[in-house]
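As written, the chain order gives the labels A, B, C and D, with residue 1 at the start of each chain.
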Amino acid sequence: MEIKENIGWTVSEMARKVATDIHDGAYVNLGIGIPEMVASYIPEGREVIYHTENGLLGMGKVAEKGTEDFELVNAGKKYITAIPGAAYFHHADSFAMIRGGHIDICVLGAYQVSEEGDLANWSTGDPNDVPAVGGAMDLVAGVKTIFVITQHATKSGESKIVKKCTYPLTGKNVVSRIYTNLAVIDVTDKGLLVKELAPDISFEYLQQNTDATLFQ
Amino acid sequence: MEIKENIGWTVSEMARKVATDIHDGAYVNLGIGIPEMVASYIPEGREVIYHTENGLLGMGKVAEKGTEDFELVNAGKKYITAIPGAAYFHHADSFAMIRGGHIDICVLGAYQVSEEGDLANWSTGDPNDVPAVGGAMDLVAGVKTIFVITQHATKSGESKIVKKCTYPLTGKNVVSRIYTNLAVIDVTDKGLLVKELAPDISFEYLQQNTDATLFQ
Amino acid sequence: MINKIVNSSEEAVADIFDGATILISGFGEAGSPIELIHALVDRGNRNLTIVSNNAGSGYVGLAALIENKQVKKIICSFPRTAISVVFPEMYRKGEIELELVPQGTLAERIRAAGAGIPAFFTPASVNTPLAKDKETRVFNGKTYVLEHALNADFSLVKCHSADKYGNLIYNKTARNFGPVMCMAAKTTIVQTKKILEVGQIDPECVVTPGIFVKKVVEISNPADESVLVAENRRYPWK
Amino acid sequence: MINKIVNSSEEAVADIFDGATILISGFGEAGSPIELIHALVDRGNRNLTIVSNNAGSGYVGLAALIENKQVKKIICSFPRTAISVVFPEMYRKGEIELELVPQGTLAERIRAAGAGIPAFFTPASVNTPLAKDKETRVFNGKTYVLEHALNADFSLVKCHSADKYGNLIYNKTARNFGPVMCMAAKTTIVQTKKILEVGQIDPECVVTPGIFVKKVVEISNPADESVLVAENRRYPWK
């Protein structure tokens, strides 16, 4: 399978799509990397409270140069700020929020997502890699709705939307919706339902470039 | 069995005996009723921190008349005070302290204590009584050392120090030491060892008036 | 935009339904959300399962709810107080069910529900009638009993101050079950003495972060249960 | 009389023994007790099992402890950081064991140890390699895995302010694992930026009550790990 580079939506456009699907008043946890971009595109008039699993509800913007506080970081260890009305708490309380189903939406990156919503995003299984999982397994097990934001294919052109994950799972049946540069895809009981196609992307092209079976 | 009334130690003297066995720096939980008296007899030069399971470490004296705060009570729902250096916390955290073995000593009353240190202090098993357990079972399961302070016999003259508890248990093998009006008794692997007799009480008299077998 | 403040106790409890399981904060009167309970008496829902440390005093608050025959079952650690009359009478007549739970197990079961832990092992109650028919297991030579999360539909909680995000702080030992109950219910309803502006509560001192709270109503001068009981008052007021 | 303050990091870690299990607070550098770790490097205990969210950066702090071959095994959720070199190298050579634990499970296992809960069920890691060979059970149609308490001999924790009773408050997200680690060790050793008089910490805002703390040492100007790493410093200092 070959996917042309620089087709479909840009990463910013993908982040905007995700942001549009976050409701007013939502409690949201954004994964490290591209998911963090989502915060910049929340439509005006919506108030969203960000949780970072290292112990803060009410995460604000990234700290400006020169105002960084080494003791105020997010899960990606970036220097951040806190909004008025924020709360700090310890790690067990923070993951009680996650595991207890109190966070509405979590946006994560992915190595692979399967037809059944299985997610692989922590390990390629390469024995030379040092394995590291962080909070990903707790997030997918506990947060009400899991959105995945990812390029449709790897850099070497392999589809990330697969029949079955070949990488070790983060969680089984956990993903609700996938935002790629080519499409927005819902994980449903019947399989992967394409909700929206990027400009100039046909369903046929999408299916040709996707390992998993898609529906319209 | 008959025990003469008003013999041996007074309740105050019993409380003083218990207090003498509480070490400097101990974290202590005092049960409702007579155990509460122990706090008055801590020897000078010792600092003891009191825990009350409804969410306070650093309980102070009972509130003076006119200064009562309806929101500052102990486990017996008495109006109390807090010392400088106190901390408030919620019920799950409070019982984490108890269950997790962080409290050094708990002093409790008893209906019965057995030769093996079993304690019955929450129910007589009378079906007409409304059963109520409070935190007693958590305390005996979690606190490092359980002291019992009690009259040696019930008002009707029955020994409270028994071979086997006939009342429903609060916990099995939990009591370390028993302070009665007649004696101080250690629960050991070999049985009940009399450590100290009240003035004018002989070991023979004590054994005659005790259901359990005692050792010297 | 987020604003969890509602205008009345009536509005605060408006979603409660018959048959609901409801957590009610308080250790005796300290922390008991008496105005919210009275609003629930007014609402009249029946067949409720109530989880609370005690079972009410006199004829107000939780005792009034029980006397009004709205409560099918109570889950608590200590249903007796010096002046509890309603519950003991109905219990002896077999008109109300009781599930007696050791206080620490009660707190932990509620916390577990809030933390997404369906079950855990505890040493409390092992070898006692309260562990009867429960699964036990030995860890490192000590026996523990398996206890299950206590999830609820609603919680009614009293706090000291709140903001519109639902961040809460409590007062002294009135904190007790409030924070864990806020975590364990689908819908948490809070009465607060004071409403503060967002940002007035120090983020280091927030006890219940707003994520756990659905509705907040300001009750500036809550009744003191012990005063009402001493005056032999009865709810609904006559 | 109670006074938990000791005069030096050296004195603070003086009871640590070979083969001990040690909890070390911090999420990356935030909350990492770098001076206590360096005192442990100086002390030289070996065969340690370290429980910490990460596995150190550069050649200071936890990375220095690992490089000094004092650590037999590390239990953590994320042993990689942007600038971790020591752990990955030793791990690839098979010179250090790794038990990888999901972050929330790690926090809850530590909290369980402190709360006297020997084991609990969690949904995290079900159907993944990290649940391999672990007991699972279905509650209400959902599968959970049984996880065990993570007790320790010592914990090394960094906080912001402390009093002689051992009451602690933390700073922002440097709080992270500190409070649960204080609960879970037989001996908790704390480094604080400031020592306050008893009574100066608001009892409503104490995060770690003193009962959980054994020793406190004041380190007024703790090193910033990221600065040391950027400067390519290595402990022991040359």
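Note that in this section contacts are C-beta pairs under 8 Å (C-beta built on N, C-alpha and C of every residue); 3 or more make two chains touch, one makes a residue touch a chain.
Since this is a predicted model, take the numbers as computed values, not measurements.
Visitor: Taking contacts as defined above, which has more of them, B-C or B-D?
Guide: Spelling it out, more C-beta pairs touch across B-C than across the other pair.
Visitor: Which whole number of Å gives the spacing of the CA centres of chain B and chain D?
Guide: 36
Visitor: Averaged over CA atoms, how far is the centre of chain B from the centre of chain C? Could you give it in whole Å?
Guide: Here the centre of chain C sits 29 Å away from the centre of chain B.
Visitor: For chain A and chain B, let me know how many angstrom lie between their CA-based centres, rounded off.
Guide: Spacing between the chain centres: roughly 55 Å.
Visitor: For chain A, jot down the residues that touch at least 2 other chains.
Guide: Within chain A, residues 82, 88-89, 92, 95, 98-99, 141-142 contact more than one other chain.
Visitor: Residues of chain D that contact two or more other chains, please.
Guide: 108, 111, 115-117, 122-123, 170-172, 204, 207
Visitor: Taking touching chains as linked, do they make an open path (line), a single closed cycle (ring), a hub with spokes (star), an all-linked set (complete), or other?
Guide: Topology of touching chains reads as other, fitting no named class.
Visitor: Please list, in label order, each pair of chains that touches.
Guide: Touching chain pairs, listed by label, are A-C, A-D, B-C, B-D, C-D.
Visitor: Within the complex, which stretch of chain B touches chain C?
Guide: Going by the criterion above, the answer is residues 52-56, 69-74, 77, 82, 88-92, 94-95, 98-99, 123, 128, 130-138, 141-142, 168-172.
Visitor: Report the residues of chain B in contact with chain D in the complex, numbered from low to high.
Guide: Residues 24-25, 27, 45-47, 49, 51, 57-58, 82, 84-89, 92, 95-103, 141-142.
Visitor: Taking the touch rule as given, give the residues of chain D at its contact with chain C in the complex, in rising order.
Guide: The contact residues of chain D facing chain C are 108, 112, 115-123, 137, 139-140, 142, 144, 148, 169-172, 202, 204-205, 207.
Visitor: Give the list of chain D residues in touch with chain A in this complex.
Guide: 27-31, 53, 77-82, 87-88, 91-92, 98, 100-108, 110-111, 122-130, 170-180, 207, 224, 226
Visitor: Name, in rising order, each residue of chain D that touches chain B in their complex.
Guide: Touch residues, chain D against chain B: 1-2, 111, 113-117, 163, 165, 167, 183, 198-199, 201, 203-204, 206, 209-212.
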